[in-house]
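Pasting a structure here, questions to come.
Just so it is clear, A, B and C label the chains in written order, and each chain counts residues from 1 on its own.
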């Protein structure tokens, strides 16, 4: 484990995740998504299932205003049209002015020049959280040319130094998705072992998690939960639901359906009993 | 109940809905959709399931021509890119010139300036029908600043005066979605109590209904059915299918799947036995 | 049967399809898709289910570079925005320069002028394969004004002369979808009788097949499989999976789910036992 990182408390996380899930359902956070054309429908369905209120507003002239009234914002770079690129900057400006927490998902950056430049410029705006696979986090930190696309070609642990560097540079929580998810604020680290391989066989499995992080960050505002715990809570609830769905599935099609059902059904007590949070040294 | 409104006949509606469903399946109406990027796939699947022929043509230079040959047209403002905005006016012009009935769905207007201005301009083109939740109908009538997004923050009944005003001003049938759907042509009113809460947990649950209304308006042309009954028939078939799907579901994921199956399976006799049409005074 | 066409060997096809499926899963081809907004999510899920690696890169400034590193490319004209039109030419140029096989799907051409002109220009770039229904193939060959949309209004056999003409003119394999799929390289012809009517009740049923053809062409590069057999292998695996899914379905919603499960589960031996390849004269 890197010398400067110490584990956050697993018990704190599990308790907070259970509480935030209740808060979110009692007062659904308006979750503003600028996301890619492949996963818009799935992302909205994930947010609805878990209990949040999605709104896909990616039009210039509307996104800045809307980010100001939303509870949380996601900016996902999966298919960044010129309209979305401009709307993203407008949204981030609106979010920053209003204190709306926001998540940057730098999908498939590295080899692809338009989104890579865009991700670097957006990161300079100090996102509340950055979510990606190891390849994307390495590329954003300038330590790799990125993967072939949205597949991680590196394990999450391989990106720990890049994640820490990004967290310190931009004041962001950085979440690296993989078989074990790694989440850090630059000082503390959490490793979450829940989840299921089928989540990687459904398009949007990672992208929708970014939206759920934005929703949890929105819900966390009422409780003054630290962003590290809000982001990790989103990951924990999401991956526990994935495990429950996998046990009721016979392939990626039935898994996606069962996953939405599980997100709607999962209860705080389920999180507490199923959580596999590792705080041991890396 | 508003003095000037009298209930339409419930028996007429149920009979007409059953007949239109048969007509639609015997000669699938080509249903032209300009709709938002979140729900395009679901909307097309809903139309295919019920027996219509969807075509998502939202390109400048094609949409006007296509609206002229289509049986019905939907213009949904959920994610109105500049290309879609221009294509929408082109389509409405083509529809108007050819007598193609068309539906306007003013998604999330009120607080969001681009779509709000767009909705007002499109309404001036006298849509055959306007579909929205109470917040959107109030905003289009100039009586509210609109909701936070696509959620209705007002009940359908709260929008009855706004609906009547819009119907009279633009010669449109106005459908207000809610736990009880309210449909009026400005003189008569129908209240439909079928449906299920799970429909609000699936993205596109409302948007796809607008497309089904366009399909039923298309099918109704052969029978000279009044638009009020065609729009209400669409709502009735849609919500009866939703009830059947809910009884076979364990959450929003399985509901969306069962809903498509139910739309394909529902028969005219099912509509007649399950309809809960209220004609009592408001 | 046309005088100049002779049947390819059914046994060769079945053996090759089984082998290519194994090759694809062992080394997932990076499959670059420029496709329409209605089917992006379904297409990505189909590719993930079968074992390929989808990447939807349709941005100017990225698509050319990406086509050069991808294993296969699909250009589908279902909703061709100006950005996608420019990105398509860029991608085809990149694919051609790098030897990346690519598939053209001329969705709904004929009556719609923007995509029709686009399809003719792209065909001049000599796609490795062209996939469409009979109406689209007839329209691309200049023999018909096309259908009303994505519905085939002609049977696949009606397009055999058009398919052969296109194959000869552009050096392409031409696949005509229908109850019996017809695939030709201009000299040989294969007729595949597998499949199920429910595939036409799910949006993207045809479009996603084009992406699977791109994936199989990508996998075939390692084996130097002739494009005719690679394209037909994609069709065969796809339609055998559809048959298996249909037997587990109660309508179009459950079919789409079961289809993804079946694509993930289908084994080379299943292809060999279920294939219904016709090599008899037309």
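Here is the rule we go by: a residue touches a chain if its C-beta (ideal position, glycine included) is under 8 Å from a C-beta of that chain, and two chains touch if they have at least 3 such contacts.
All values reported here derive from a predicted model rather than from experimental measurement.
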Arrangement of touching chains [line / ring / star / complete / other]: complete
Between subunit A and its twin subunit B, rotation from the CA superposition, multiple of 5 degrees: 120
Averaged-CA centre spacing for the pair subunit C and subunit A, given as whole angstrom: 34
Shared interface positions of subunit A, touching two or more other chains: 37, 40-41, 81, 256-257
Complex interface listing, subunit B residues touching subunit C: 30, 37, 40-41, 44-45, 48-49, 53-62, 65-66, 69, 81, 83, 256-262, 264-265
Interfacial residue positions of subunit A with respect to subunit C in the complex: 36-42, 78-82, 108, 111-115, 148-151, 201-204, 250-254, 256-257
